[in-house]
Amino acid sequence: MDNKQIQTYSLGFIGITLFTFALTQLPESIHIFQSDRAVMFALLLTIIMVMLNEVKQARISSDSIFLRTIPGLKAVEEAVGRSTEMGRPILYVPGIMDMNEVETVAGVIILGHVAQMTAQYETSLDVPVARSIVMQAARESCKEAYLTQGRPEMFNEDMVHYITDDQFAYAAGVNGIMQRDKPAACMYMGKFYAESLLFAETGNSIGAIQIAGTASQAQIPFFVTACDYTLMGEEYFAASAYLSRKPELIAGVKTQDMVKLMLISFIGVALLSRALSDLGLTSFNLLTLLGL
Amino acid sequence: MFLKRYIPIGIVAFFGSLTLFGWFIDNESIEAFVNDDATQWYDIIASFAIFLGALNLLKLQFLKVIKKQQGWQYSVVAIVSFFFAFTIGFFMKGAFFVGEDVYFTQKAAEQAIAVSGSSEVMIPVEWGAHISAEGGLFKWMFDSIFTPLSATMFALLAFYVASASYRAFRVRNFEATLLLLAGIIIMLGRVPVGSLITPWMVMYLLVFVGAIFMSTYFRDRKIIFGSFVLGLLGVTLLGINMDWNPTQPAIFFLPSLQEWIYTVPNLAGARAIMIGIGLGIIVTSLRYIFGLEKSYIGDQ
Amino acid sequence: MKFLEDMILKFGSVDRRFIFLLIGLAVFIPLLRPIDLPIRTTPTTEKVYNAIDAIPANSKVLMSFDYGPSTKPEIHPMTLGVMRQLLRKDHQIYITCLWPDGLYMALDALDEINKEFDLVEYEDYVLLGFRPGNEAIVKGLASDLRKVYTVDAKGVMLADIPMMDGVNNLKDFQFIFTGSAGYPGTFEWVQYGGDPTGVPLSSGTTSIQVNEVMPYVQSGQVRGILAGMPGAAEYEKLIGTPGIAIQGMAAQSFAHLVIVLFIVLGNLAYFITERRERKY
């Protein structure tokens, strides 16, 4: 972070604080702001400010943004290549939740990238889904991917197909597909619950290369245990930026890190403030002051 | 292009911003929209979309049967099950009450009245209530088919957890050893059998693990062996001194130890992952709202 | 020694079906011949017990059945236990379900409890039933219950149920308990139910979910948690009514022991293989 950036963020933060404060002081007749949520509001505006600024910077030059290697994403191409060599399909599971879940949206986005690769390598792709809306979105994503790769004839609507909404019936259906079709690669990208281990262990038993990506905290250990590669939490959300290499998306990843840095500093200051308050050295506590 | 690109992006930007900033606005209509209407709209759309899914499911299963593809027999089961559930949900409700007794069909109920010659009147269950009424076909399907099948799938986890942990927990390096040890402590400490394992057994185990840890850093076998023996001796002497108390020292008592691992290091890590995931969700959502990410509508 | 090593190597490379068989036996035998094992209560379970114990007598408590038959063995003993504790103090129970199959779980629980308490519908409990909408339902209950439910599970108008008098939103309840197996469940109740209304909330979840819910327990947003089957067993011990969860503890203990045994054997085999490979 250079001096100019620090200056921009400092000024921006002061502006946001003043704006939020002004909103809390509006006269009764036009007061529509939830004052008790002022801190959250300021934090949200700060994140937006950082993101927009980073996007602007990245559009000018994205060379300076370093994106560390994520083995799981590098392995995606390897998995597609392996499937091609073995002449077996790729199984892609976009989670069991609907499109109102950000993780499912991220899963559909990654599917688009995977579909581009399968179009290039002429490998068959099988996407069983648990929700009808996800089916429509995933189809659209795959169709565009095959079109952009100049292989529209390879796209078949039924490569994305619906099984059922029920969690374990869906798990049984997907496991059945695995046992019958023996895909060379299985990818699980989305929101998962208890079925995660059922998928991963069945995939393991058929010798498929397995890549998982999820922000479902409770399922991460299962995927780590049974899959070859796992994209954990943030890595999963960064996948789209990593695969597309679009500057504005990479800027989003940098935004996450910047906000994380701010939060760590805030936690440090809050801890110190609490300690000083508890020791009786100061009469105030930052957290109480901010109403948190 | 306009219909397939700009309108969806516009809808996401408008409703996304409204839902996001609506949380900070003290207005009843906006609050009602954010809290109730928006989610219910989505549910209504999703409910109608189920027809698309059902048709797709039937199409593929019928094709499989017609083409006699591998495993087509299962497709027959799927099709029959589909129509069975559909019929008992919408056309046949079952649950015909005759006094205390309940019958699946009207005919059976009438026959029962005729045979017993009683003055009881047959009362059919109301539509809607038939899915939860005892003696209803839907309830029967739920109890006799759906419940055992769901329970079976979930129960498979017990077996898969065993095989996955057996494969994954290997003492490859220090971190893996730590994971293994924490896993074992949690597994045993969470169940009653854990409290039967005395702290002394745990201490002996720790001495053993300590020796393994040392072996990754020291090459000299004499040092490792010496430390190992000293450790064993130390634990034994302490045990004699404390009369081999079954719950002391508490720090090595599995239930207490697992409680600490669970609520301190584990939760610290969980919180960190949670914050990271939360940030990921916030930034990803903002990317959609600001139209920076358009891949969800197929834009590569 | 070589024979022993070879045996360990053999065990270390067993087919996973052999592990499945042993796990099956470890679960099955203790279920057939129950063994008494000491149950120690943990602070999180005690918190739930104390929180429910502290509700003033004759209060209104909302219970949500947010699980299905797959997780019934884990969560059902918890909801049964909580109902028992509530009914002993003459609390009135209002039952909602965020999961469609939760309705069947609630019916089953009421059947079971009816054997002990001789329940009177609309005096001791109201089964409001399932409504689709996930978190929207919790939000709706928090703002206006009667907008979400106009009739109960049997189709009786809420206006005709005396027990519903004065119950208009979540704030009219003294306590909320959710038996939750995933989405929608504990998180939705915390975010849209307990937190905004300030009504104390407790939860019983599957073991795997505990890790995610614990931060809310530590922050006090959730008053304790019943963590999987061990949590249910501890709760049964606290209310003094041993049930299926306590019976299941022996099976779970032995299953865990078998897993640990295989991990140890697997590691020994790994060591021997490593050493032999280094040698040659």
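A, B and C label the chains in the order they appear, each numbered from 1.
Definition applied: a residue touches a chain if its C-beta (ideal position, glycine included) is under 8 Å from a C-beta of that chain, and two chains touch if they have at least 3 such contacts.
Model, not experiment: these values are computed from the prediction.
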{"item": "Taking each chain's C-alpha mean as its centre, the one farthest from chain A", "value": "C"}
{"item": "Of B-C and A-C, whichever chain pair has more C-beta contact pairs", "value": "B-C"}
{"item": "Chain whose averaged C-alpha position falls nearest the assembly-wide average", "value": "B"}
{"item": "Distance from the mean Cα position of chain B to that of chain A, given in whole angstrom", "value": "20"}
{"item": "Between chain B and chain C, centroid-to-centroid distance (C-alpha), Å", "value": "12"}
{"item": "Inter-chain centre distance, chain A versus chain C - centres from mean C-alpha coordinates, in Å", "value": "30"}
{"item": "Residue list for chain A, restricted to those that touch at least two other chains", "value": "168, 194, 217"}
{"item": "Multi-chain contact residues (two or more partners), chain C", "value": "16, 70-71, 211-212"}
{"item": "Overlap residues in chain B, where contacts from two or more other chains coincide", "value": "39, 150, 153-154, 161, 163, 165, 167, 270, 274"}
{"item": "Chain A residues within the chain B interface of the complex", "value": "31-34, 37, 40-41, 44, 47-48, 51-52, 55, 98, 100, 102, 105-106, 108-109, 112-113, 116, 131-133, 135-137, 140-141, 143-145, 148, 158, 161-166, 168-169, 171-172, 176, 180, 194-195, 197-198, 200-201, 204, 215, 217, 220, 222, 224-226, 232-234, 236-238, 240, 244, 248-249, 252-253, 255-256, 259-260, 263"}
{"item": "Chain A residues touching chain C - in the complex, by the definition given at the top", "value": "97, 167-168, 193-194, 205, 217-218"}
{"item": "Interface residues, chain B side, partner chain A - complex", "value": "20, 23-27, 39, 42, 45-46, 49-54, 56-57, 59-60, 70-71, 74, 149-150, 153-154, 156-157, 160-161, 163-165, 167-168, 270, 273-277, 279-288, 290, 292-293, 295-300"}
{"item": "Residues of chain C that touch chain A when the two form their complex", "value": "16, 70-71, 182-183, 206, 208-209, 211-212"}
{"item": "Complex interface listing, chain C residues touching chain B", "value": "16, 19-20, 23-24, 27, 37-40, 42-43, 68-73, 101, 103-104, 107, 129, 132-136, 139-140, 142-143, 147, 153-155, 192, 207, 211-212, 214-215, 218, 228, 230, 233, 249-250, 252-260, 262-263, 266-267, 270-271"}
